[in-house]
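Please find the structures below.
Consider the two complexes below, in which chain A is the common component and chain B and chain C are the respective partners.
So, the complex of A and B:
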């Protein structure tokens, strides 16, 4: 069965690449509705590719995982590395709205993990504005979010409701054949998670965060594969070009995994599994510095 | 190649990840997550099993990070007979399964201490390919 799954996954990837040639999307920066309609027509042409994206999109880690690690590393909160919520007015096209919805979403995770609830209210408003424009604001109960943000006692609920809101929105967009918007939002969360991590490492040289930055190599490859489905959209083509430059730098990152058999035991009715495999990331100081610079450059083009 | 492509199409037709699994099932999964920080969930529904034995599987790649304890929880819609089975695999094979056939026991709460960052595969199926609707949810276990 395992072999079959591998073959299936590889076949899916192959079909994705094959289907790229069918993408005739042009995109319309001025008319959001036209853009969505176009995404619908695209879906009809590349149904299988969109299905593959549905699977692959889960391989892009949630920003909560990166920000949790940053918090546990002891790094101090730095508001200056975040995108100003007032910038929300700058984003006119569906393309930039979706990307920056992902960026603000990742920042909201960072703010919430650090219990910066007072600041997070402004970011909730930015998310609301972009989500409304993209017609996906019904997944966020903004009154509840603002109420929860009024006290740090509600932080767990705030984190969970926000993350679940993004998860539901993502599923809805794919259900509605608006997978391109979903991919762009995930692209935004990915680059902002990486931006926050690289900015903190540039100041602290924390080895755990450095390793996590190196590990993003795996997700980056999948992200580029997903973006490639929409490569005929000039805006996405520019993104792909930028991400490919980042990928070239990541080629200098080596990830070594030594596999071991997991140990399983039952504890109070729960199955507890201890992974016996190990992984190690090899990344030179020079490569890390280049990745930090390129990430900053790429992210600044988006915000 | 055509054979595998056909299987893939059957998988997608058989499994409707976009299904409207009962909200109650999602809430049940959330409650099992307890204090863990929610990361993702997968809602799956199996309507029928068709021609291929392999068509009953659904696979999602996910990224897991070393040094992190993950809590995986499952919940089933009781209106259906099918019981959701979750398997986590890496490049080398299975890491865990929510069903232990030797003792014929299902586990709806699993804790996985990850020591190797990388791409893992979430495999979902319903026991004996029976019709079912269920949710797999996972989160980061807070220390």
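So, the complex of A and C:
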């Protein structure tokens, strides 16, 4: 009996002893050096000025601009033209995740402009899921977004926070040597913005939106230039060839800029320079039809 | 279910405490952790991607939370130093201590980017030259992790492409069969507002992605580790949480068996009664 008590005591003592090991050394023994070397050797192949990319990214219109125009044209809200948020499960590669993050970003802009906050909650979840997989979810405070989306009174702050989130994410990606992801997100936003606009035009043939679609010619050229930087990536190469087909159709669009002398005006006690140049977009019905079809085809390949 | 962080502060010890002491004695805590971690890590999807995702998580934590926090602390020190209106000495001392401790930790695990003799970071030695040196170090550290992150993502892409070439459906099926979003949410703590916290001993504690975070190295057994740790130390060797927790459960069972077998509970109680009667008789 005494013997057994001794054993019990020893067992207890051993457990207490082992449980207070030293916690000073860190256990992160992962050797990241190989991964670093792997990326470093590949990085050197791509040399592009960050400023150029930044300038080009800013030249692509934000989805808010396009959708505001759609709203003011009186077009009705149509949920069916959007990408179903349940599709988010389908996207597995980083390439499709980044593209569709851009697409869902554009949908959010469209939904918010039309104050469809109840529906937008699902899209916020989709954005969150993709952003999380790409490790950029810290730019979106999703709890705040969901709270704001619960009432249409907060629509301005909702738009503000989402837009800011996207632009911060973009800056972060470029800062962290992940410009490709940033370019792909912008590509997604661009194609979805164009898709929404073309779908509206196909139903309403609104001249203002048609003009806006024509104006995308410049943005499309910039986009292809940006994508070309990453043409070594086979997925991007496919994307470029698809976009080039759209570009060929856009060659039929004519943009005529009429130069006007800028004038200075006083607005609220401040001197403002107003550009008097106007541009006219000439786009034939057939070309427009083709662009609408091609955009749909291209976009359906991505989603 | 709710996390230990939300327990009453008196019992749970708040966000700064990993697992409340009381919970360590509950079999459910060990069983649940073992099962949930094993489900997430050791499935067909996890087997392929868990290790890469773990490394990705290390890099993204550093890039997105850890280095920005340290940079902010450094900036506060700089502002406090240059601002002649009442130097906030306490703040500077605390911030520099945190920076020093974190650099010491980083030096231990990082062979590529090192800060020479971090002990010299202190209030007395803090000047523009040192501050610039720390700043450059943070920049280098950040680019090290960001480039490494890109390297890891590329490796992930390579696996994707290989699988995609074989059969584009495989990956989708794999993900829909083995990847659970809710489980991921729980194990990465992604809804948490504070992704990292500064502890009272002036070190930084990572709160997000516990499933990708290994516990601190110990020579014996890591019992008081963070919840959802993927692996734990047993006599200096890393073993899967599942088996570790099974062992803990068996150890408890054996101890309780011994308690029952030798009537230890009853004996302790009778000792208490004896003591009481003894004390009474003395009075």
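Just so we're on the same page, the second predicted complex is superposed on the first by the 248 of 303 C-alpha atoms of A that agree within 3 Å, B and C clash if a C-alpha of one lies under 4 Å from a C-alpha of the other, contacts with A are read in each partner's own complex, and residues count from 1 in each chain.
Here is the rule we use: a residue touches a chain if its C-beta (ideal position, glycine included) is under 8 Å from a C-beta of that chain, and two chains touch if they have at least 3 such contacts.
None of the values given here were measured: they were computed from a predicted structure.
Novice: Quick check on the superposed pair: does A:278 touch chain B, chain C, both, or neither? Answer first, second, both or neither.
Specialist: first
Novice: Would you sort A:269 into first (chain B), second (chain C), both or neither based on which partner it touches?
Specialist: After superposition on chain A, A:269 lies in contact with chain B alone.
Novice: Taking the superposition on A as described, I'd like to know which of chain B and chain C A:65 touches: first, second, both or neither.
Specialist: Only chain B; A:65 stays clear of chain C.
Novice: Contacts for A:163 in the overlay, against chain B (first) and chain C (second): which applies, first, second, both or neither?
Specialist: first
Novice: Kindly classify A:93 by the partners it touches after superposition: chain B alone (first), chain C alone (second), both, or neither?
Specialist: second
Novice: For A:135, using the defined touch cut-off, is the partner it touches chain B, chain C, both, or neither? Pick first, second, both or neither.
Specialist: Once the two structures are laid over each other on A, A:135 reaches chain C alone.
Novice: Same chain A residues contacting chain B and chain C, which ones?
Specialist: The answer is residues 1, 4-5, 8, 11-12, 15, 175 of chain A.
Novice: Which residues of chain C touch chain A in the complex?
Specialist: 54-60, 63-65, 105, 108-109, 111-112, 142-157, 160-161, 164, 171-172, 175-176, 181, 188, 190-191, 193, 195, 214-224, 233, 238, 251, 254-255, 258, 262, 264
Novice: Could you list, by residue number, the parts of chain B that touch chain A in their complex?
Specialist: Going by the criterion above, the answer is residues 1, 4-5, 7-9, 11-12, 17-18, 30, 35, 37-43, 54, 57, 59-63, 65-68, 89-96, 98, 100, 107, 109-119, 121-123, 140.
Novice: Would you tell me which residues of chain A are touching chain B in their complex?
Specialist: Interface residues on the chain A side: 1-2, 4-5, 7-9, 11-12, 15, 48, 51, 54-56, 58-62, 64-65, 68-69, 156, 159-160, 163-164, 167, 171, 174-175, 208, 211-212, 215, 218-219, 222, 255, 257-259, 262, 264, 266, 269-279, 281.
Novice: Chain C touches which residues of chain A in the complex?
Specialist: For chain A paired with chain C, touching residues are 1, 4-5, 8, 11-12, 15, 17-19, 21-30, 32-33, 35-40, 42-43, 89-90, 92-95, 129, 132, 135, 137-138, 142-143, 172, 175-178, 234.
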